[in-house]
Each structure stands twice: as structure tokens, then as C-alpha cells.
């Protein structure tokens, strides 16, 4: 039996899930049973992170602007769908290698099929 | 001095939504003043997802959520001035500002929307004893370093407070290679959303110590150790329960405070319970023509509610500019047992439906929210679960409001309701 | 000989000595162990300019306190240091306190303190309505005031440097050898020779004395803890409010600061010389004690705690004298309260002791004796506009709590004693001193320091050596 907390609603039921049959107890609604089973069978998460922007790091300094200057040093990114929980650090390692050249638009694919997960790493902010 | 119909102080999610709502209502001369070098406010550094489930029925990151509103504003003639700090707001709605581009300026506004957001409580606010070493950050400052500037603030981390920013930072620091040793919470329950406890702590086997606090901080130069002790029911540390963590970083996620220095200066009445302005149902403050929304009014846990509230303020500002004034006598809301605060704090008799937002003082299971007109129950809403970390809201339709006889309504929690 | 005089330590006492010495035709060097001036007792104390009724008549403390306090207003005006002559009240809360007030009054008169007056309950409460209703009367000292101690130290040191004195930071003295006609001092960056040396090493001054073979006194460090409250509490009292002194010291005081905050403290507890940690017991004591004189203080509006270490010694008076064991070494040691008030006079006293020891003092023909810095928030609207036109960086507010602009931060990074840390910037321009305690502006100040000094942001410190802030860059950047 694996004990997990349901996050389907704010109530936070403490579920007990059987590792073999995926039977769920402790849930107070049917959505809890679905969540509990999925969470054991194939837990998935969206990974969010930042990518290095590969302009001169001194660009902001030349313009005399505080707060990153015209070009920010980092671009926020995410996986465009939930990826297997066990692959999170592998995905992070891929994102760490990324060097993004502006311009970039929200949703632009930066790494397709990241770490073989079928998910893509996409930009979550415009970078002019 | 230049004049504008509507001036919005703060270009975060609240200010953007309020300005857009006013625009949709026909206000054509709107100026948003933003102190940072970009609009979007704190969402720019909240790169995690989970925003917009109510509003857009999808999970967006902070920058994406802000981006949608910024794109909408760009389609209008709403003016956004970045890098512009409001130094003073007067009672007759004159704003004094400063910016590198335009210098020192004054504006006269037909209506003003306060949407300055909030700030974090610091080590000083809770008087954590111990060394004056480096390595102690508010979670939001560490988040800015990490997500905007691209720097790590340390490698071995303890987090005090289980507010959402602290939980989110536990995951962020872990994913970036730091070791997060513990999350320590003074109260017997977490201050953050359950979803964040699961996805930010449990996913990475980070222990959450409830009813514990930091009782000493050690390190001559950089932080070296944090001492954590269990607390009794009066929140006093229990001697003999000390745990020592070897770490170089302590992140504080110990509460947010609405930033109302400008409001106070202008003479806006502040509610000591929310630390935000006292508002009517249309989010108008004690000074006519001044409206407040978002975290400057009360600290929200979901940005979706910020947007909704801000649209209300924007619409009301537009109505004010059209010369409409709410009629009806005042009905005040008082906080009954179990309720920490309510927003709005009062409303006009005869108004349309009013939605009350509030926070409860403790965790309740199978309880009910009762709205009382003296001894008469006006409405009752059952809730299976309520917690101080999660904002509650109830909506009273006009038909119920019209039944109110007295001049105060009380919102209270009924325990053990079946 | 490299120098005529080397001053060891650049706290308020060392800076005052340097300021006076640099007015003369001398080769002067100041050695400071820390990476900034004012980084010990000077930055963590009550920031009070005492009237001078506490020290026993006839002591150096009495004489130099009254003299220093009399100099303070003009000195701060010249050097652009925030100072306010708001006066002080010592409260009587009991019958025995009444007797102590009488004694302090007599002592003050003997010390030459101007304008002292014993006030009754009504007079006292009309001056300070938020005092405890238990107050029976008070001793009013109109010459007392409040000052920004670290800016005073900085202003004195900066002026000394502009007048030709040399300042070496991160230069602790590790050994002292007597040579023919002077001393050879060892620092981590090499040795230097000097005819005279002045020991202004604060809590470490006994260790400096021992290095020179002088064991005539010992420092007994004592810690004092404080609360610094938000400006919303800054008008709770207008004067410096003291309790009656006891064997434990002057007791917990409540005072506005020159920045408009409320300062409450200190307690007194023996400690190590470098122990500036806050303790739960110490903070509780201060909180309870302060509320006995000013009951309404809202400690929920606290923005910072800190602790300072007093350089108390095993002697009852300041130790300002020529060393008997090491001729040519002048001590300015054991400078406890009222050391800040006395500091301007201590500078003159040390000058006189050096003259008596044979140092020739010839005034320079021209000296700089003024200083001015931009305080954006205090400018008029027109001045603000004019300044932004010349330099747009004055239009960018970095610290929103205290309204400190990028222009001010950049300017302080190019002064004669540029800061190398976030707190160094804070002490110079106030960025990060407000209610958010640098939560918002810290990262931006960090970046401006790196940009202006041409160093990597990860090398910018919070304060003294070792107080690193950033461990490295994300995504394979440089590691700490």
C-alpha cells in the first residue's frame, strides 16, 4: 500500500493505493480513485525552468540598465505536456545545455521530444 | 500637470485586468504606471505552472498568464509607462512620479486604481534569533535571483514557512541541483496549497515539519547551521526538541503584506486585518474615485481571483468616471467566529449580488459558512474542507441581500455541520 | 619610514583621528581589518549623541563627551551627515529613580552640560504623550541628539582620504615590532613602517596593545541587542527616552533615528569580540523593558534586529593615553558609550597626545573640510527634475521603501571609499534599509555593484569577507 495525498481538489484526501491492483481507498469522490491509480501507474509532471539566453551577458551593463537590461539573462521555459516524473532531472539536464538566441515567441519549440518523452520544451515568454 | 481619466498604479496582473475592464467599459484615456522595467509584476518570476485554471481552463505559467493580459492591453490604446515609480498619491488624486525618461512628473487622475501588490515579511518581522551572517533570503528574493537573473543563492537549503512561494522554491532549488533539507512550519497545518505540498515537497522527499520553527541561526560569515525546534500549542519552542541542519541557505516564506504606503499617505482607510484598504462591494476605497484590487487589497492565493476582482474594480472606476454613484445605505460585514477577515468590508443596500472573499482561522472539516443578519440566518454554505491557506468565497444573490434588515451582516463558521 | 602616523582601525574613533591628522603635513595611513570602514561597533549602537551627564565628573569620558557633543552639530553640517538635536529625557518610574535623576542633574552640571532641567510628570507627558502613565518626572537634556554613526565615520574617513590620508581596507595588523624611532606593522599584504601608531582597534584594541608589548588593559566585550522598527513607529517618541541607569548600564532606550525609524535597545551581556548574534532572551528582555517606558510600541512593525559589541575595558574610563610600554604608540581604546558622542573630541585629544610625544603638527595650507552627497528623496521637485535631466539614472528608483535611485547607488560606488558589498551600499545611500530589507532591491543592487566595479555578480558580498550571496550561475555557469 502506498499512501499519497490527493490533489484533485483542495480537500487533500489521504489515499491508500494498492501497488498491484491500483485499488484506491480513503478517497471521498470518484476523481480521487482515478488520481490515485494514475499517480502510481504513471505519475507525470510539467517541468518548468529557465534557459540561458545567448546574447552577450554584458549587454545590459553597457546600456546602464538595472534589472537585466534590454535582454534578460534567462528565458522561462516549460514542457508543453506532463512528462514522466522519473524523467524530470533528465529533462532539466537537457534544458541546461540549451542556449537560446532571440527573437523567441511564447510557444516556440526549443527542444523537441525532450529526453525521449514526446514532450517539447517551449518558451513561456516572448524574447524580442 | 497632465490629466488622465484613469491612472492605474502597478502593471501586474491586477493593474492589467483592471485597466482592460475599464477600457471595455469605454474609458479611453488610461495610464498604467509600472515601477519595474516590464509589465507583468511578480508573475514574471513565477515561472512555474498552475495559473489560469479558472480563468482560461488551462494550466499556464506565470509569464504566460501575464503575457495574455499584456497582449490584450497592446490591442488597446492603454498606455503603460514602465520604469516609473509613484512617489506620492494625494487625497484629490494627484500622483507624483519619477522615471529616467520623463523625470519628475505630476498627474491628475479622474479615478485611480491601486494595484501595487504585496511584499514579503522578513527575518526582522518575526525576529529570528541568531547570527547576522549571509545566506538568509526571503523566498521571493531568491526566486528573482534564480528565475530572472540566473543565479543560485546556495546549495543546502532549509525553508521556513510553508507558504506557496516557499514550496515552489523548494522544487525549483532541487531541480537546479540544490539539496533542500527541510521545510519548517510554525503552525500545525501548511500555509500553502495541497497541490504544492505534494508536487514540491513529497515529489522530492523533502520533509515538512509542522509545529516547528527556527530557533537559532549559526555562522560567522555565511550561514552554516540552522536549529529547528518543535513548538507547543502556544507556539513556544519546546526545549530538548532541537534538530540541527548543516546548510548554507535559509529561505523565508513567512507571509505577505499588502504594500499600502501610498494608500496610507493619501489617507485611504486601512483594515488592520487585511492590511489593505477598506472597500465597498465595487472595490472603492474610503476616498471616492480610488479603487483597490489584487494583493494590495488582500493577499490572494490564486491569480485567477485577482483578475476577477480587478475587473470589478476596473468596471467600477469606469462607472465612477461616467458619474454613476452607488446609492443605498451602508451595510457592514463583521467577522464572526472562525473568520479572519472579509473583503469587501461593507456594501450598499440594494446592490446586485455581492461575492465575499475571506480567510478562516483554522482547518475545518465538514463545516458551514453562515451569513447572519443579527439572529436571522440569511444564507448557509456547506464546505467539506476549509483551511487558512486557501481563500474562501461565497456569493449572495440580490434576492438574499434584499432580506437584510439590520445594518451589519456577520460571516461566521459553524463547526461540525452535517 | 613609510608613514608618520598609522592609525589602526577605521571605526568612528580611527576616522576621527584620521580626519584631524590629515589636516596636517603628515604621511598618514589608516589600516582597517574589515573590507569597509565603520564595520564594527560603529555600525551597531544606539546612534545617540549623549548630553554628558552620565560620566563621573573629572573623567576623560565626561570631558570628551561634553566637548564632542558640542562639536557634533557643526561637524555634521560641514560633512553632510544626518544629525538631529532632539534632546533626551531620562525617566523616573520609581522613588529611587527620583534620587538618581537628582544625582545625574548634579553630575551634568559639574560636567558642564548645558540647559539641563528636571521636569515634573505633567511637563514630561506634555513633551512625550506616549510615555508610560507611571512616569513620575524626567531629566531633560536639550543638547542630546541623534546621528547616523556609520555615515559620520564614513564622512570623516572620506574627508581624511581626500586630504591625502591613505586607507587600506582588509588590512588587519597581525604583528607589531618596535624599531628605532617607530614601529614595523605586519599585515597580510606586507609590512609597513611608521614613526607613530594610534590604536583605535575597538573590541580588538587590547590585542593590538599586546602585539606592541603593552598589557596594561583588557577589553571586556559586551553585547547589546536592538530592534529597528518601521517608520510607521518612528513618531512614537520625539526625544531620546532613557531609563534611569543602573549597575547594568544605561538601560533600554527608545529613540527615533535620523532616518525616521524607531530604535529600541540595548541589553548588555558579556560576549566574544566578534559575536553579533541575536538571542531570544536578549530580544525578549529589550522588548519587555522598553514597554515599561513606552507601552504602546508595536513590535509587529519591527523590520530588523541587530546586535553590537561594546568595547568595554577593565578600566572605568576611556583609555586615551601614550603607551608606557611602547613609546610612540597612542591608545584610543576602551571607547564605550559615550564614545560616538566623544569621537570628534577624541580626534583632537589624540592629536594633542601625538604632539606631546614629539610629532610636529604643521597645518596644511589648503584642506577640504566639506562633503555633499545627493539625497534624492529630500530634493525639491525642481531639483529632482534637474538632476534627472543631467543623469537619467536619478530617475530610476531602485530601493522603493527608502526611495533610493540608481544614480545615488552609482555615485557612491565612485566615491573615495567605494563600497564592495550590498550592505556597504546600504550604509552609504540607504538602499535596503527599509521595511522590505532589500527583498526587492537586493538583486538589483548586487547587479549594479558588479557592473560598476567590473566584477562578477557572484563575487559581490553581503557585507564583510566571507559573506557570499550567490553560489554560482544556473545552467553550467561559474561555480562558487
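Letters are used for the chains, namely A, B and C, taken in the order the chains are written, and counting of residues starts over at 1 for each.
The rule is short, and it goes like this: contacts are C-beta pairs under 8 Å (C-beta built on N, C-alpha and C of every residue); 3 or more make two chains touch, one makes a residue touch a chain.
Since we're looking at a predicted model, the values are computed, not measured.
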Chain occupying the most central position, where position means C-alpha average: B
Winner on C-beta contact pairs when A-B is weighed against B-C: B-C
Length of the line joining the C-alpha centres of subunit A and subunit C, rounded to whole Å: 50
Gap in Å, rounded to a whole number, between the CA centres of subunit B and subunit A: 24
Whole-Å gap between the CA centroids of subunit B and subunit C: 39
Shared-contact residues (touching 2 or more other chains) in subunit B: 146, 148-150, 176
Junction residues of subunit A, two or more chains touched: 50, 52, 67-68, 74
Overlap residues in subunit C, where contacts from two or more other chains coincide: 393, 396, 447, 474-475, 477
Touching residues on subunit C, where the partner in the complex is subunit A: 393, 396, 398, 406, 444, 447-448, 451, 474-477
Complex interface listing, subunit C residues touching subunit B: 227-228, 274, 276-280, 283, 299-300, 302-307, 381, 384-385, 388-389, 392-397, 400-401, 403, 405, 435-440, 442-443, 447, 457-458, 461-475, 477
Touching residues on subunit B, where the partner in the complex is subunit A: 36-37, 44, 47-49, 59-64, 67, 146-150, 175-176, 193-195, 197-199, 202-203, 384-385, 387, 390
For the subunit B and subunit C complex, residues of the former touching the latter: 35, 83, 85, 87, 96, 98-104, 106, 119-120, 122-125, 127-135, 138, 140-141, 144-146, 148-155, 176, 215, 217-218, 220-222, 237, 248, 261
Touch list for subunit A against partner subunit C, complex: 50-52, 61, 64, 66-68, 74, 95-98
